[in-house]
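As structure tokens, here come the structures.
Next come two complexes, and both contain subunit A; in the first it sits with subunit B, in the second with subunit C.
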Partner chain A sequence: MADFIQLSINGLALGSVYALAAIGFVIVYSATGVVNFASGQFVMLGTFAGVAMLINGGLPWPVGYVGALAAMALFGALFFLVVYLPLRSSPVVTIIIGTVAVGIALQNAAQLTFGSWPFRLQSPFEGMTIEIAGAVITVHAVAVVVGTGILIGLLWLLLHRTTIGIGMRAVAQDVKAARLMGLRVNGLLAFSWVLAALLAGIAGLMLGPMWFADVNMGDPIALKAFAATIIGGFGSLPGAIAGGLFVGLTEVLGASYLSSAYKDLIAFGAMIAFLLVRPQGIFGERIQDRG
Partner chain B sequence: MSIRTLLGLVAILVIGGALSLVLSDYSLRLMNLAVVSAVAVIGLNFAFGYSGLISLGHSAFAGLSAYCVAILTTKLGLSPWVAMPVAIIATALSAALIGYPLLRLKGHYLALATLGFNVSFTIVAINWLDLTGGTNGIAGIPHLSVAGYELSDERSFLWFALISLTLVAAAAAAIHRSRHGRAMIAVRDDEIAAAMAGIDVTGVKVAAFTLAGTCAAIAGCLFATHIRFVAPEDFNYAHSITYLAMLIVGGEGSIAGAIIGAVVLTFLPEWLRVLGDAYLLFFGLMMLVILVILPTGIVGLVRRISLKRRSPGDETTNVPARAGAHS
Partner chain C sequence: MLTCNDLTVAYGDIVALHGVNITVKAGETVALIGANGAGKTTLLQTISGLNKVKSGDIVFESSSLATIPSERRVRLGIAHAPEGRRIFPGLTVEENLSLATAPWRRWSQSIADDLGRVFDLFPRLKERRRQLGWSLSGGEQQMLAIGRALMARPRILLLDEPSLGLAPRLAEEVYERVKLIGEAGMTILVVEQNTVLALAVANRGYVLETGRVVLEGAAKDLKQNSRVREAYLGR
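Let's look at the complex of A and B:
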């Protein structure tokens, strides 16, 4: 039982990271219709922004985290200008290949900057543990789960209670109508990219202490985020959260109780099963026009 | 067969044959890889170029076939000439079986489903140690021999690969010109209209996907007998994305485009080698630039230039509609 609790919390923590990556992917998809295959590299860049600030820069963690997230916000805006705008009217496949190409470039850029040797990014709660019913749990894992919960709450407030968020949802529903209503559509689309980059950055900072910071970490995260998105329902934020937690839990529990070699097959098997039986996922996709 | 197709097929043999006499051994190896990729990409052209089915699992079919050849030749001691037809038939059947349920999906759903298939294939290839040898792969696949002559060097293998490519391209051109090819394009352009015209939409999609899998299987056989070693990372999803990139850079919906794209993207990393460690950075950015400035690929560019010469101001009407747009 103690093992199970410990594994479940670790699974939820990993799932939270996947959920944040999936939310970033979904926000961009809903607002712009772009299937962003570079989203895993966004998370990798988040981790390495942390490495740059905390390890290379030697900054204390509150300053370092803010610096890393500021860098990610800037990156999101840059991605909007350099990648999204030129590709915006291209067909799905061109966008898939285009974002993959940019992902390759980003990975190579990170490798040139940081080298291929993995880094160990320390948590602010490094070495701290708590005990629940005999299970020893790292404070970092608990902080990740709680932090993700708070972030999701804030995101809900942003999307439902602020002018920017309501504008973003309007753009997601109908770009032309949003433009006719006088919304600054391009600004809102740019903000979606910045928000996605920020969420990926937070996911990356959370993931750094759980895995090693490695320039090749982007692809596995992207694949898990895709699986999470499909399982939860393409384009749905609650779906991204549920799917992310599902993928994280099955990965950690499956590795311990079923097979560590085939742990990833559970998530992808579930993804394909959902596509065949219920392609709209748990929460379904709204029908909408995209920019 | 039209004169143009015939000229194209002769061009493959003449240009490839001429290059085989002048290139260094290392370039010949790359040529071989390019020709093997071209066979696979011609297959992908059936699924994506003609029928509009986005497949990110193409490399898994090449892998399935290559592993079949490797297992049948090394574990059962069969001749490659027996193993290869078995591998191609087995792969074509799996493509039909996998395609039938998956092809109800469209656009990015199909892309992610086939991606999931490819990732699952790699996981199984890595972990089914008894059969696949895990990450160590399977070595010691025998050379192909033709009429007692062993294709053990790059040059003689290239001749064999070029002949295979020509045959595949000829078959693809014949299918393209047939009723079946037109049915695929009709399904891509408008599924409902195609169904109204009496086309069995699901059947056409599964047939296109199976043809794609068959070409990938032929490429897998060529890969296995050329490199004579198979490992899971040779067939991971990144290669599927590369195949799709080759088709789009060359020009989708065109056999010539498939071949040109395969050659260009195989040699591009070599041409960028002067950049050293940073070549992938430039490769990625260059791909992005190509996609933005050449949305219909190299073949589309050539077509547009020749149309401009013929009738100035009329080039937009003849640019083919892109498959998968807004889906």
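Let's look at the complex of A and C:
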């Protein structure tokens, strides 16, 4: 039982990271229609922004985290300006291929800069543990789960209670009508990319202390986040959260109760099953026609 | 207030409007009638900045709109309730309404007053204020589209086929509201295939055929015109 509690919390923590990556993916997809194949590399970049600030820069963690996230926000804005904006009037597939290109470039740039030797990014709660019913749990894992919960709450408030958030939803539903209503469509689209990069950055900083910071970590994350969105429902935010948590839980529990060789089997098996039986996922997309 | 001078608009090689001249004066309701494909919607979309002008000019309150992007035209006072309503299906009625002016609203301009005015005009929207757009009936969606345009505190209201797809009784209800809005002093340019309804509320009208203005005049004269009677009123 103690084992199960410990593994579940660790699974939820990993699932939280997948959920954040998946949310970033969904925000960009619903606002722009672009499937961001670089989303895993966005998370990798977040981890390495942390490496640059905390290990290379030697900054204390509050400053380093803020610096890393500022760099990620800047990266999101740059991505919008350099990749999305010049390509926005070409077919959406062109932009998708653009994201693939950026993903490859990022991975190789990281390899050139940081080398292929993995780093160990320390948590602010390094070495701290708490005990629940005999299970020893790292404070970092708890902080990740709680932090993700708070972030999701803030995100909900942003999307439903602020002018910018309601505008983002409007642009996602009907760009032409949004323009007629006087919304600054380009500004809102840029904000979507910045938000996605920020969420990926937070996911990367959370993931650093759980895995090793390795320049090739982006691909498995992208695959897991992708599986999460398919299981939860493509384009659905609650789906991204549920799917992310599911993938994280099955990965950790599967590794321990089945075999670590088969840990990915459950998540990807579930994804294939969903594609066959319920392709709209758990939550589906209510608005079929994006106009 | 609004003048289109010799306006030509083309989609690629296909010319949709051939040198169209129309004028809307402050306070009047002008109807733009014509068959499907005559270029009515194209004209409204061009006034809102969604289509590129090939030649000619649109002048709004004595300044040219040529270089002004569509999202800024709303701020100048041109509000458009588009064809097919295009309300935001996943936003509530209240979100749909409050969104329209949000980007440039000042704290001093209370959104509640504007919402109240729209709800007075369309009480049904008030009942449904927390419902999502897609769950409204066609008539309610049209009322929401008009209400959303009014929230922008426009100087001119562009309405594109407000009767489209509505049962006759509902279409009449929508037009009663349009009439009230016009009587309150709003300048309105309405595009409509339902000529009877449009000419009943309009002061003046233009008849558009294959991208050209073929007839213009006071609404009461157009109603008597033999060509209009034959082609559009069916008698």
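The rule we apply is simple: the second predicted complex is superposed on the first by the 279 of 291 C-alpha atoms of A that agree within 3 Å, B and C clash if a C-alpha of one lies under 4 Å from a C-alpha of the other, contacts with A are read in each partner's own complex, and residues count from 1 in each chain.
The rule we apply is simple: a residue touches a chain if its C-beta (ideal position, glycine included) is under 8 Å from a C-beta of that chain, and two chains touch if they have at least 3 such contacts.
Just so it is clear, the model here is predicted, and its values are computed rather than measured.
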item	value
Subunit A as common anchor, with subunit B and subunit C clashing or fitting	fit
Touching partner for A:271 - first (subunit B), second (subunit C), both, neither	first
Subunit B versus subunit C as contact partner of A:227, first or second or both or neither	first
Touching partner for A:100 - first (subunit B), second (subunit C), both, neither	first
First, second, both or neither for A:112, with subunit B first and subunit C second	first
In the superposition, subunit B vs subunit C on subunit A residues touched	B
Subunit B versus subunit C as contact partner of A:143, first or second or both or neither	neither
Superposed model, angle subtended at subunit A by subunit C and subunit B (C-alpha, nearest 10 degrees)	90
Partner chain(s) touched by A:253 [first = subunit B, second = subunit C, both, neither]	neither
Which of subunit B and subunit C A:158 touches, first, second, both or neither	neither
Nearest-approach distance, in Å, of subunit C Cα atoms to those of subunit B in the combined model	10
Complex contacts: residues of subunit C adjacent to subunit A	48, 50, 70-72, 74-75, 80, 82, 86-91, 95, 98-104, 134, 148, 152
In the complex with subunit A, residue positions of subunit B that touch it	48, 54, 56, 101-102, 104-105, 107-109, 111-113, 115-117, 119-120, 123-124, 126-127, 238, 241, 244-245, 248, 277-285, 287-288, 291-292, 295, 322-327
Footprint of subunit C on subunit A - complex, ascending	163, 166-167, 169-170, 173-174, 176-185, 286-287, 291
Of subunit A, residues touching subunit B in the complex	35, 37, 83, 86-87, 90-94, 96-98, 100-109, 111-112, 219, 223, 226-227, 230, 234, 261-262, 264-265, 268-269, 271-272, 275-276, 279
